[in-house]
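Each structure below is given as structure tokens.
You will see two complexes here that share chain A, one where it goes with chain B and one where it goes with chain C.
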Partner chain A sequence: MLSNLGNILLFINVFLSVLIIYFASQNIKTSGNSISETIYQTTLLQTTLIFGCFFTLVAAFITSDFSLINVFENSHTSKPLLYKISGSWGNHEGSLMLWVIILTIFSFFFLINNKTHPKNYRLFTLIFQNIIILGFLSFILFNSNPFTLISPAPKEGLGLNPILQDPALAIHPPLLYIGFVGSSIYFSAAMASLITNYSEKFFAKSIKNWVLISWVFQTLGILVGSIWAYYELGWGGFWFWDPVENASLLPWFAMTALFHSLIVLEKRNVLYFWVIILCLLTFVLSVTGTFLVRSGILNSVHTFANDPNRGIYMLSFLCLMIFSSLFLLFKKYRKNNYNINFNSKETYVLINNWFMLFYLLTVLIGTLYPIFTDALTENKISVGPPFYNTVIIPVVVIFLFFMAIGPNVKWIKNKFDNLISLIIIFILALIINFIIVYFFKSFTILSNLIIISSLFLIISSLIDLKKSLEKSKFDLARIISHLSFGFLILFIGLNHNFSLEEDFNMKVGDTKSFNNYEIKFKKLEVKNFKNYKSLIGDLEIKDKKMSQIKTLNPEIRIYESPSTLTYEAAIKTNIIKDYYLTMSNIDRSDFYNIKFQKKPMMFWIWVSCMVLAIGGFLRVFQNAKSN
Partner chain B sequence: MQKVIKFLTTLIFLFVIVVFYFSLNKDPSYQTNSLVGKKLVELNLESFDGDYSLRTKDFKKNNFTLINFWASWCSPCRVEHPILMSLSKSKKLKLVGINFKDKKNNAKKFLNELGNPYNLIAKDEIGKKSVNFGIYGIPESILVNKEMIVIKKFIGPLNTRDYNEILKIIN
Partner chain C sequence: MLTKKVKKRASFLSALLCLSVIAIFIILKSLSSNILYFKSPTDIKNVQDLNLSKKIRVGGMVKKNSITVKNEEIIFIITDFKNDLKVSYSGTVPNLFSEEKGVVAEGKLQDKKFFIADRILAKHDENYMPPELKDIMKNVK
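Coming up: the complex of A and B.
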């Protein structure tokens, strides 16, 4: 029943998209600057029905309707309700539904929120957006249908992967999708802008909030994914340069470059074509990322089932997108002679863009290189963290200095009248760095440079904050974002420098001492839960210097049929540091392998990333208010 | 100048798309069915401790052998390890582990920590010999019978479904 309903709704949505494209192209021919009511109504109906379609799928998951292959493969009756629901988008077919919903919502809100902009520009945006929607709907219908039936319907489902049952993982995909699928709307708008010649600062105004919204969600999505990896995977890290992580980072760089360039376009009417290129690039990178992950070309921790047909479809779609946008761009491109002073805010924004493109290219090359060598030379290689760390980290140091100076540079032409204060800030950063090094003993040159440059950015942003508090003119969003980015890099630097990792084989009753710590394995308990049995260790960690004692309880969970073991890290978080403890059994012995990690500043890494996103939100509100 | 840039940009995108296309279709060993039903190639691998060499005839003693490719650096291997441990309890199946591009100490530590499910362990330090098995990335596992015919190939970490399937085949 649910299968039929879902399929019918999908077909109606295809029909509605075609209808919208038809109505819109008819409406373009008419004179006047108003969009016909029919289009608004059809778009509203489209949005409502696609939600209906999605909820049909969610209903199938909640009621454990195993006659649907998708539910059978990804759900189980004993799963908690929250994970049954999140299971609906935690797989390939369901996540494509989420794609289409976000495409549709953005299309709807863009249509109703931009009434001050010309009719044809909005209509063309609607047409392009609906072409994308059609592409994904037919992908769902003909290749990845979540409503496909299985006969006879099994009694129980297969999807009970314990590692995927986590609140962070339930919200990670939707956040990330709003981010990179949201970028579709400014892809469509950029195409419409090229066709209708609607350019310059009004174009910038029409898309800037959409760019910011997608950027905020992208940031939050990446953050939640990292938090999940940290708590659940039990390796104690939060970023692994995994190809799928990279795929989410690529559009993030493009978005960051884009909303900085938009400021210049809005203020000075320059860089129009550059902004268009970034708009197109962001969504192309999002689709490329999805293609790489879903086609099975890349092997990564995030495995989706491989299917070459899926890859062919997405590749054709990607091809169409890339070449149609290139064609339009080349046709409309005209050379502009920008008159930008070397020492002006415009230049600094461009510098930001160069850095972003540098990071983007580095990560892109690192991610694609293995695919290319494999296809061209038969050599199978993989690119790991050392490559990214060596190439990216030294460049971050310079980037942070520019990020501190840029915001205070004036438009058009600048004079460096604040040179002395910059020097003072630099000396201050140096002093604080040496205090940190002196008290905590860290010595690599690069880590010192990271700390100095991030302190430089933090201090300058704090001075900005103080100055703007004195004046009535406030640019809180920018200050908050730049400040928190400075803190983010500082905390990552400190975390990297002062982490401590030790592992021992211990049995109950043992005590081990190292550095300033003492670990005591007090007892081991066995507890029975609904669908697993748990071995819970009781370990005491004593900080000898501070004479503090903390108790941690890492777990080994034994799931039945078949016996699957998962290792749950015990994490004690406080404001300054995390204690991170994992325990694993050693076969045929009483010993357990205990891995202890001290990870400083973890809490603040999450907080600064959160505040970075809040800065983006603030800007959206400011923009909405000034409109 | 502008024309050259336009031409080059188009060319670069075209090149990327073509490479993507060939990557999609390239490696037939990535598809499970290409090896299934065929006889395993004659092999000669050094055992984990280097004291003897593992040959095809070693497989002929067992009704069924599951050849599992793993490494200590591979995190999905950790995920599938409990399944291998469960499989090792079956008397009808022998497990052969091929340690792939790994350091001996790390591999030993891995097995100490998680348990050793294998009846025999061999190593493929540079990863060249595993290519003969159609191994692309690890973990991968190949189920063969007494006649060395490949019955099934598992790409990626073994899961519950694979576990049940293997038990069904060998029983």
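Coming up: the complex of A and C.
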């Protein structure tokens, strides 16, 4: 029943998209500057129905309707309600539904929120957005239909991967998808702007909030994913430069470059084509990311069930998108004569863009390189973290200095009259750096440079904050985001350099001593839970210096459907550091492998990333207020 | 004669070009020194010039009854059913590391028969096999 309902709704949605494209193209021909009511109504109906479609799927998951293959494969009656619901978008078919919903919502809100802009520009945006919607709807219908039936209907589902039964991972896809898919709207708007020759200032005004919103959600999505990786994967790290993670980072770089150069376009009316290229690039990278993740072409530790047909469909969709946008771009490209002074804010924004593109290129090459070597030479290779660290970290040092100086540079033509204060800030950063190094007693040249440059950014942002508070002229959003980015890099640097890691093979009752710590394996318990059995270790960690004792309880969980083992790390967080403990059994022995890690500043890494996103939100509110 | 503006722009563009060439060069240079090759025990046996200083990944099945645990290390044998490779590893073994299951280890070769791993790659579910491993298994069967 739900299957029929879902399928009908899907078909109606295809029909509505076609109808909207038709109405819009009719409406373009008419004179006047108002969009006909029918288009508004159809778009509203489209949005409502796609929600209906999605809730049908969620309902199927909640009621455990196993006559749907998708529910059968990804759900189980014994699963908690929250994970039944999140299971609906945790799989490939469901996540495509999420794609289409976000495409539709953004299309609807862009249409109703930009009434001051010319009719044809808005209508073309609507048309392009609906072409993308159609593309994904047909992908769902012909290749990945979540409403496909199975007969006879099984009594019990196969269950969701237990690693995915996690609150962070339940909200991770929606957050990331708002970022990913949200970039579609400025792809469409850029195409529309090229066609209607609606350029410059007002185009920048119409899309800037959309770019910021998608950027904020992308940031939060990456954050939640990292937190999940940190406590669930049991390595103690939060970023592994894994292809799947890189796929989410690529559009993030493009978005960051984009909203910085949008400021220039809005203020100074230059860089129009550059902005267009970034708009197109962001969405192309989002779809590329989805393609890489879903086609299974890359070897990643995060595996998704995959199927080559999906890859081919997505690849052809991607090619179509790239070629049509390139075609339009070259057709409409005209040389615009802009004059940018070397020493001006415009140049500094461009410098930001170059850095972003450099990072983007590095990550892109690192991610795609294994595919090419595999195809050309049949050598199986992988590109690990050392590549990214050696290329990106030294560049970040320079980048942070520019990030500190840039915001205070004047438009058009600048004079450095604050050179002395910059030198003072630099000396201050140096002093604090040496205090930190003295305190922790271990350092490398690179870590010093990272700490100095991030402190430089932090101090200058703090001074900006003080100045703007005095003048009560607020650029709070920028200051907060730059400040928290400085802190983010600082904490990552500290975390990276001052982590401690020890491994032991231990039996129950053993005690081990290392550095200032003593670790004791007290006992092992077996407990039964609703959908898994758990082996819980009881370990005591003694900090000899502080004479503090902490008890940690790492777990080994045995899930039944599907039968899977997972290791749950035990983490004790406090303001300064995390203790991170994992336990794993070793085949055919009484030994347990215990891995102890001390991770300084973990909590603050999450906080600064959170604040970075809040800065973006603030800017959206400021923009909305000033309109 | 070039005007001042044109000159300025030319120097600007050439600087940009130089920078991007340097950037690409740095990226590719460190790429070539940081890639990890994936080998099976048979590959290692057949290779002529053995590079012991470079990190590699080896993959195959953990041989039955081959895991021995000592206080500080775990020793096991990776096999692709033709050739074996002894691996020593000290550290946390990931989910589902067990005998007669697929495994990928990262580290350095000591000689053609002995490998010291510093990382065992984690996997999410027991049916998953890394694509590289799948190819190896296909060749064997």
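In this text, the second predicted complex is superposed on the first by the 617 of 627 C-alpha atoms of A that agree within 3 Å, B and C clash if a C-alpha of one lies under 4 Å from a C-alpha of the other, contacts with A are read in each partner's own complex, and residues count from 1 in each chain.
In the analysis below, contacts are C-beta pairs under 8 Å (C-beta built on N, C-alpha and C of every residue); 3 or more make two chains touch, one makes a residue touch a chain.
Note that the structure is a prediction, hence the values are computed from the model and not measured.
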Exercise. Put chain B and chain C onto chain A via the superposition and say whether they clash or fit.
Key: clash
Practice problem: Tell me which partner A:F372 touches in the superposition: chain B (first), chain C (second), both or neither. | Solution: first
Quiz item: Regarding the shared-chain residue A:T256, is it in contact with chain B (first), chain C (second), both, or neither?
Solution: neither
Quiz item: In the superposed arrangement, does A:N70 touch chain B (first), chain C (second), both or neither?
Solution: neither
Quiz item: Just chain B (first), just chain C (second), both, or neither: which does A:P386 touch?
Solution: second
Quiz item: Touching A:T196 in the superposition: chain B (first), chain C (second), both, neither?
Solution: neither
Quiz item: Where does A:L326 make contact in the superposed view: on chain B (first), on chain C (second), on both, or on neither?
Solution: first
Quiz item: Does chain B (first) or chain C (second) touch A:S584, or do both, or does neither?
Solution: both
Practice problem: Look at A:T104 in the shared chain and tell me whether it touches chain B only, chain C only, both, or neither; answer first, second, both or neither. | Solution: neither
Exercise. Using the touch definition from the top, say if A:L565 reaches chain B (first), chain C (second), both or neither.
Key: both
Practice problem: Please identify the positions on chain A that touch both chain B and chain C, taking each partner from its own complex. | Solution: 161, 163, 233, 235, 296, 299, 301, 303, 380, 562-565, 584, 586-588, 593
Quiz item: Okay, in this complex, where on chain C does chain A touch?
Solution: 5, 12, 19, 23-24, 26-28, 30-31, 34-38, 57, 65, 67, 69-74, 90-99, 106, 121-126, 128, 130-132, 135
Quiz prompt | chain A to chain B touching residues, read off their complex | solution = 158, 160-161, 163, 233, 235, 291, 295-297, 299, 301, 303, 306, 308, 311-312, 315, 318-319, 322-323, 326, 330, 333, 335, 368, 371-372, 374-376, 380, 561-565, 584-588, 593
Practice problem: Report the residues of chain B in contact with chain A in the complex, numbered from low to high. | Solution: 2, 6, 9-10, 13, 16-17, 19-26, 30-31, 75-76, 79, 81-83, 85-86, 111-116, 127, 136-137, 155-157, 159-161, 163-164
Quiz prompt | Residue ranges of chain A touching chain C (in the complex, touch as defined) | solution = 161, 163, 233-235, 296, 299, 301-303, 339, 342, 354, 358, 361-362, 365-366, 369-370, 373, 379-384, 386-387, 390-391, 503-505, 562-567, 582, 584, 586-589, 591, 593, 595
